[in-house]
Every structure is written in structure tokens, then in C-alpha cells.
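There are structures below to look over.
Two complexes follow with chain A in common, the first pairing it with chain B and the second with chain C.
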Partner chain A sequence: MGSLVQVLTNGILLGSMYGIAAIGLSLIFGTMRIIFIAQGTMIVLFAYLVYWSFQKAGIDPYLSLLTVVPLAFVLGLGLFYLLFRKAAALEDRNVSLLLAVGLMYLIDNLILKAWSATPRGLNISYSSAMIVVWGLRVSWLRLALLGLALASAFVVYAFLKKTRVGTAVRAASEDMEATTIQGINSVWVSAISFAIGIALAGVAGVGMATVYSFDYQFGFVFAIKALVALALGGIGNVFGALAGGLLLGIIENLAAYYVGIAWIEIASYGVFMLVLIFLPQGLFGRRALVKKV
Partner chain B sequence: MGGIERIESADVRLVAGTKGLNKRKLIWAGLGVLAVVFFGTLPFYYDVHNGQYGVFFFNVFVYAIVAQGWNLIGGYTGQISLGQNAFFGIGAYTMALLWFNDVTKTGYYFDPVLMIASAVAPAIVAVLVGLPLLSRLRGDYFAFGTLGMGMIVTVLFINGGYFTGGAEGRMLVSKMPPDVVFNLRTHYWVAFLVAVLVTLVVYFLTSSRVGLALKAIREDEVAAASHGVNVLKYKVIAFAVGASTAGVAGSIYGYYLLQVTPSNVLTQNWLFYPILMVVLGGTGTILGPWVGAFLIYLLSWYGDQYFTGYSPILSGVVIILVMLFLPSGIMGLGQKVPDWGKRVRGSG
Partner chain C sequence: MPAGAPLLTLSGVSKHFGGLQVINDLDFVVHEEETVGLIGPNGAGKSTVFNLITSIYQPDRGSIKFKGNEITGLAPHKICHLGISRTYQLVRAFLKMTVMENVMTAAVYGAKHLSQSPKQRTMEALELVELSDKRDIKAAHLTLSDRRLLEIAMGLSSMPALVLLDEPMAGLTEVEIQRLLGVIGATRDERRFSVLWIEHKVDAVLDFCDRVGVLDYGAKIADGCPDDVACNPKVIEAYLGEPVA
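Moving on to the complex of A and B:
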């Protein structure tokens, strides 16, 4: 029993990474319907930046949130205006999908050139610090991941609910055309959601740098995991996406514990397929956003 | 089937708008025959085995086959399948495992039975996966589902243990019949023949009633369904045919590599490059995949030669540039009525 609780706890803590990535994807997909397959690659890129600033300048990973997240936001704005502005307006999904693929190839291989293929991972003074609660061993860094995820979810939620731009973003994810008719600048709304999506990749990058061992190829799989989390939780709901991530973490850890590490992927993608087929609106998503035949 | 006739008449109106189409069609057909004759007889006056262009064109043909298959489901039907690498891999593995375990007892090199099997197996998988996915999902969700399928297939082959050979895959060199000499000429011809065949199949399929149904589904699924088009049936047909072409390409590539492993037949390249080729050439056009396959492979070929090690970076840049400046493809440039180019968001 104790080990089951331990497995569940680990699942929740590691799943919070998927949660952060899924919230970002949800914003990007929700407003522009772009399958942003490069999200994982962006996370890996920011993880390398965090790693690098720790190795070169000794900056604490959590302190580098202050630089990485604004940097990611600006980078997101730049990427949107440079690449995705026109593509987001096209009905043809292939263009935006391939733009994201191109970005993924480009950044993956730039990372390979800059930092070589050796997997990297941070070793900070408090890497192995543990807290023991009722016999549960929880690493501080993993607990911090959950904190990061919850904080990001609350910030994004508050942004969507309390600000005018946030309201516009919500409106755009309901119906982009009607939003434009209401006099809302749809390009700016898309740009903001895209930039926040990339900023969340920055947050996830900090998390990844502290807990995972990562290399240049890690991004693609991570992006698909985020997509799985998004499908699980449902599109159009910040806390749904987060919950989807936590759930995916639990599923993966349960599969690793009971079936074997080699079958983690089968479990997560199997659940992905089942959810897509039988529950396309996800567990917490709004039914209206899913176009059924 | 009254609905299809309605759509047909709409299509005829659209076609009648472009004058001199028959003449243009004849010119294209003539050029096509010339190209087929040229590439079909190339091995007689060019040593494709030792000359480097043999390998080059062999790869172009294999990519053209996969791209043509994706064109059917993604281009003509408008359902973005992100599982082509899975079908490519299933085809390659079907051939490899049947050959490796001597299931057919024939022991031929380029066994037609194995190649047909490697076309049938992905089609079966496509129907099994496609029926639940396509009956409930469309658009982006179908893309997600096929992506998930591709990942599952990849992991299954890696974890297949003795059956699939795991991460090392299956070495097929020892299975070569002793009297057969490895000559790229055979590969060249088989790949070329299949590529032409697949192009013809896609051409006749898309210019028949099936094609009208597929295009109707792409333009407006609800309207197509309300006009009596069996949407699910035609989508599954397109998905399955697209899958089996990828499978045949996989088996041909397997015969070329003589070693089928997850890392060489199930990679992202077999997923994203064919899509890029179709989009660069022109989505939903019969020559688009050929143009795209030739250009993209040309770029990666010379990229590998002159920018060794930087080729993947180059292809990333090329993908981005193509999508920024040529989103409706090369074949879309000359056409006066590019029926996919003007589909702006909100009209569908």
C-alpha cells in the first residue's frame, strides 16, 4: 500500500511537467488551432539555457525563472510574428504543422551543435534533498515542480479570467471569426496566447533542467506527451490541462511499477487513443469545442 | 447516390471555367510518358549501380510513393494523417519478418508475395485504426490519433523481443539467395515501377467518383454527408490506400537496406518529409508529390555533401522558408483556380 502511494505521488509530481506544457499547448491550439509540435523542443531549449547559466555563472535554476520566462515570452512574440501569423489565418493546417516541424528540426539540431549529444542534467546542492512525510519520500525539487505547475495554472487562469486580453483570448478560442467581428484584434490575441504558450515552455524548461536528464532529441516525445495530457484533460480549460498532465504522470508511473519501464509509452499512448475515440472532449473539457462528425 | 451527381455537376462547372484544359491535359500526359520512358530506360545507358544518381533516384522514388499515399489522405481528402511512418515501418517489417522466418518458403529476392503482404498489412491496420478514429474524430483530432498510433507501433516494434528483433531489428543479408548479386538496378526499377503504378492508382482513383467524394469531404464534410456521400467509407478507403502505398515503399526500402530496424524505418523523417514534399509540390495535385520528392531529396542530398553535419539544420530552415513563401505549393503557382489555395479560415 505504501509503495502504491509512493508511485502515485511520484506520478503526480512528474506529471506536473506535462501539465505545464499542456497548458501552453492548450493556449496555442485553442486560439489558433496550431498543432505546435515544437513545444517540447522549446522546453528542451530553455532547459539547456538554464543548465548553461548554472554551469557558467552559477545561477540557481529557480532564480533563472526571472530571466528565462520573459525571454521565452519575447521569443514567442517574435516567432509568432515571424512565422505563424500568416499560417494561423490559413484553413490549411499542413502549413502551420510543418512550420512547427521545421522549427523543431532547426532547434533540435542547433542544440546538438551547441551542446553535443551527451544527455545533460543539473546537479545542484539540494538535488537530493528529501522530505519524509508519513513514510513518503518526496524530493524537494519534484515538489517544487508541482508548485511551479500550480502557480503557472493560477497565473494563466487569472490572466484569462481577470484581464481584458484574457477575455479576448477566451473568446477567440470559442470562435475566432465572431471574435474578429466584435472588433477584437485577432492577430494580437493570437500573438499573446502564443507568447504565453512559449513562456510556459520556459517555466517547464526550468523544471526539466532541475529534475530530468535531457538531450537534443527529447523534445519530440515530450511534445507528444504534452499533447496526450491535453487530450486527457480536455482543450479549453487551464486546470483541465494541468489535471491531464498529472493523470498522465500517474498512468506512466503505474505502468512502470506494475508492467515494466519498457511499456510506459504503450500505456500512455494507448490511453491517448482510447480517450480520443471515446471521450474526445477530454475529462474536463467543454464538449462544444470538439467537432464531431 | 444522387448526391454525388450534384457534386459532379458543380465540379464540371468549375472545370469548364478553365479553357483549353483538354489540350493542357494532353501536354501533361505527353510529358508524363516522356518522363516515364526516360527514367524507365535510364539503367540501359547509365550505370545506376555504381553511379551516384542511381541511389539518388531510388530514394526519390521511394519518397514519391510515400508522399503520393499521404497526398491521397492528406491532400485530396484533407485528413492530416501523422501515422505514415508507422505504415512505412509495418510494411518494411512485414517483408523482413516474413522473409527472415521463411514463411512463404520461396526465398526470392523482391518476392512479389511479400511485397503484396507488406501492402496488405498496413491497410488492415489502417482500417482497424481508421474506423474508430474516423467515425468519431475529424480534423486535428484525427491527426492526434494517428500520431498516437505511430508512437504505439514504434514502441511495439522496439519492445517486440525475439519476434521483431528489438532495437537491433532484423538483418536480412544472410537471407539473400546465393545466386543473386546485389545490384541497385533491380531496386531502381522496382521502386520506379511501383511509384508510377501508385501515381496511376491515385490519379484514376481521384478522377473517378471516389475522388469526387474525397474532394467533397475535404471541402465541406457536413455538406458532403448531407448530399449522400458515405463520409466514413471514403475516408477509410483513402486512409487504407495511403497506408498500403507507404507499406510497399517500406518493403522496397527494406530490400535496399537489408536491415530493418526501428531507427531506420520508423523515424520522424518518414513521417514529416513526405508531408513536406506533398505541400511543397502542391497539396491535392497528382504531380505535386513527385516535384516535392525530387526537390526536397535534392536539397538533402547536396546538403549532406556540402554542409556535412549541418544538413538537418538546413532542412529545418528549408521547411520554414517553403512554408512561409510557398504555402500553396509549386503546382499551385501556375494554376488559375487553385481550389485549395483560397480556402481561408472560416470558409470551411
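Moving on to the complex of A and C:
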């Protein structure tokens, strides 16, 4: 019993990374109508920046949230206006999707050039610090991941619900044409939600740098995991995306513990397909939002 | 009603999709404080005219002027800022948001540099369409008739000079139609904006409008005061087919 609780706890803590990435995917999907496949690579890029600033300047990874997240936001705005501005206006979403694929491989290879193919991981003074609660051993760094995920979800939720810009983003994710007719600049509102999605990749990058070993190819796999989390949670719902991430973490850890490490991927993609077949609106999405044709 | 200065002017506007000429060399004017109907059989190109005015589509040829300035090719949100608001036949309010959030969004982004705050304009617009007491209800839970009024309130909140109505009576009951006409008539008289009204059903438009234009196969076949248009043989033919004898 004790070990089951430990497995569940580990699952939740690691799944929070998927959750942060899935919230970003959900926001970007809302306005651009594509799965932003380069999201994982962006996370890896920011993980390298965190790694680099720790190695070169000794900056604590959590302190670098203050620089990496604003940097990610600005980079997101820049990427949108540079790459996606024209493509986002086209009816054919494939152009945007292909641009994202190109961007993913471009950044992968820039990372390879800059940091070589050697996997990297941070070794900070508190890397192995543990906290023991009711017999559960929990690493501080993994607990911090859950904190990051919860904070991200609440901030994004409050932004969407309580601010005027957030309301415009919600309007645009319902109906872009009607949004422009009401006076909202479609390029601007798409750029904002894209930039927030990339800022979340910055948050996840900090998390990745502290607990994962990562290399230049890790991004694609991570983006697919975020996509699975999004499908589990149901698209267009911040807390659903987070919950989907946590659930994926739990599934992976259960599979590893009870069946074997080799089954992690098989279990997560198996569940992914089952959910898409039987619950296409996700476990937490509202049924009415998926129109039957 | 005597017509004021031209507010919206379409000259020689054409639009085709593939091999289909949807709008053919259309000239049309809406004057200040004028209520104009645009009628025609299904597929005559009426909604395309709205999509051209609001810049959702770009015309192949011709020019569209608003308050004397060329607006052809401007981004749709800028057309809204200039003072043109629009409703859709299939209402496109934001269903997951409350009534208040819908109108607030339109008020905040729909117009710039107005003396009244977005909040004031929102409250006033809700008052005008009599939806104040439903402001915290999600749009998805409104009746079709209330959704139409909501979309009109969204348009009014940006203090437009021209309101485009796309078949506002479609799918409503007789009672709801009377209520809608009452609201539109009262706000028009108070705010003194112009109305361009697309309608498939002819009777209401003939009663309500100062002037009526008729489209058939993308071309204007009549334009005049309602009584003359109703008796125009070309119009009767467009609606009923060619006379037998």
C-alpha cells in the first residue's frame, strides 16, 4: 500500500511537467488551431538556457524563472510575427503546422550545434534533498514542479477569466471571425496567446533543467507527451490540461512499477488511443463541445 | 424621410468565387440616418455584400467608402473601429461567455477614444435591448431571440454609425419579431445611426425601411422607395419567376 502511494505521488510530481506543457498547447491551439508540435523543443531550449546560466554564472534555476519566462514571452511574440503572422491568416492550417515542424527541427539542430549531443542535467546543491511526509519520500525539486504547475494553471486561469485581454483570447478561441468583427485584431490576439504558450514553455524549461537529463532530441517526445496529456484532459480547459498531465504521469509510473519500465510508453500511448476512441472530448472536457457530424 | 449625406458608398463592386460571379458591378449607397433594406431571393449575394463591407472578403473590383474614406482592404477590426457593426443570421455571440462578458468585450475593443467608458456603454446597450437582468447568464443558455438581441447589444456598445443586420428575424416567432423590431426602431431613433438590413422575407422590410434595394444573381435590379420596389415587375419576376403570359 505504502509503495502504491509512493508511485502515485511520483506520478503526480512528474506529470506536472506534462501539465504545464499541455496548458501551453491548449492556449496556442485556441487561437491558431494547430497542435504546436515545437512546444517540447522550446521547453528543451529553455532548459538549456537555465543549464547554461547555472554553469556559466551560477544562477539558481528557480531564480532564472525571472529572466527565462519574460525572455520566452518576448521570443514567442517575435516568433509569431516573424513566422506565423501570414500563415495564421490562411484557411489551410497545414502551413502553420508545417512551419512548427520546421521550427522544431531547426531549433533541435541549433541546440546540437551549440551544446553538442551529450545529454545534460543539473547537479545543484539541493538536487537530492528529500522531505519525508507520512513515510513518503518526496524530492524537493519534484515537489517544486507541482508548485510550478499549479501556479501556472492559476495564473493562466485568472488571466483568461479576469482580464480584458484574457476575455479577448477566450472570444478568439470560440470564433475568430466574429472576434475581428467586434473590433479585436486577430493577429494581436493570436500573438498574445502564442507568447503566453511559449512563456509556459519557459516555466517548464526550468522544471526540466532541474529534474531531467535532456538532449537535443528530447523535445519531440516531450511534445507528444504533452499532446497525450491534452487529449486526456480535454482541449480548451486549463485545469483539464493540468489534470491530464498529472494523470499521464500516474499512468507512466504505475506501468513502470507494476509491469516494467519497458511498458511506460506502451501504456501511455495505449490509453491515449483508447481515450480518443471512446471519450474524444477528454476525461474533463464537456461533451457538448465536440460536435457530432 | 429626407436622405442625409452618403455614409456608405459601394461603387462598381464585383466578387467571384471560382467560376461563380457572386456580386456583379454593384453600386449602392446608404445615407446618414437612413434605414435601407437589401432584399433578394436565396443565393442572390446578400450576405456576400456584408462580408465585403466588413472586409471578411476583398472585392475583385470596385471601391467601398465609409464617411468619404476608402475602406476597401482594411482589416475587419479597423472597420469596426470606424463605426460599422454587424450581426449574423446564425448568431455568432461567444457562447461560453456571459451576456455581460460578450458586450464588455465588444465595448472594450470595438471603439477607441469615446467619452463614455466601456462599462457605461455596456450597461447602456444592455438596457436598450432589455437584457440587463440576464447579464450573468451564459450566452449558450439564452433563447435564439435573446441571442439576437445580445448580438445587437454587442454592436451598439461600440456606438456605430452604421448597423448591418443579417436576416435578424430568421427563426423567430411573431411575438419575438415584434419585440426585436421595437428594440431596433427605438434605438435607431435614439442613437440616429443608419441601418442596412438584409432580409429574405419582404413584408417586414417594406414596412420598416426608408428605401429598399433588390439583388438578383449578384446584380441590383431595383432601388427605391418600398412601394415602388414592391410593384416593380423585375422584382416580382425575381421572386416568383417569369410571368406565364
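Criterion: the second predicted complex is superposed on the first by the 285 of 293 C-alpha atoms of A that agree within 3 Å, B and C clash if a C-alpha of one lies under 4 Å from a C-alpha of the other, contacts with A are read in each partner's own complex, and residues count from 1 in each chain.
Following the convention adopted for this analysis, a contact is a pair of C-beta atoms (placed from the backbone, for glycine too) under 8 Å apart; a residue touches a chain by one contact, two chains touch by 3 or more.
Fair warning: this is a prediction, and the values are worked out from it, not measured in the lab.
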{"item": "Superposed partners chain B and chain C on chain A - clash or fit", "value": "fit"}
{"item": "Which of chain B and chain C A:102 touches, first, second, both or neither", "value": "first"}
{"item": "Which of chain B and chain C A:116 touches, first, second, both or neither", "value": "neither"}
{"item": "Chain B, chain C and vertex chain A (Cα centres) - angle in steps of 10°", "value": "80"}
{"item": "Chain A: partner with more touched residues, chain B or chain C", "value": "B"}
{"item": "Chain B versus chain C as contact partner of A:83, first or second or both or neither", "value": "first"}
{"item": "Touched partner set for A:92, first chain B, second chain C, both or neither", "value": "first"}
{"item": "Chain B versus chain C as contact partner of A:167, first or second or both or neither", "value": "second"}
{"item": "Chain B versus chain C as contact partner of A:177, first or second or both or neither", "value": "both"}
{"item": "Touching partner for A:185 - first (chain B), second (chain C), both, neither", "value": "second"}
{"item": "Minimum C-alpha separation between chain B and chain C after superposing on chain A, in Å", "value": "6"}
{"item": "Those residues of chain A which chain B touches in one complex and chain C touches in the other", "value": "177"}
{"item": "Chain C contact footprint on chain A (complex, rising order)", "value": "164, 167-168, 170-171, 174-175, 177-178, 180-186"}
{"item": "Residues of chain C touching chain A in the complex", "value": "54, 56, 75-77, 80-81, 85-86, 88, 92-97, 101, 104-106, 108-111, 154, 158"}
{"item": "For the chain A and chain B complex, residues of the former touching the latter", "value": "29, 33, 35, 83, 86-87, 89-99, 101-110, 112-113, 176-177, 220, 224, 227-228, 231, 262-263, 265-266, 269-270, 272-273, 276-278, 280, 290-293"}
{"item": "Complex interface listing, chain B residues touching chain A", "value": "74, 80, 132-141, 143-145, 147-149, 151-152, 155-156, 158-159, 221, 225, 231-232, 268, 272, 275-276, 278-279, 283, 309-310, 312-313, 315-320, 322-324, 327-328, 340, 343-348"}
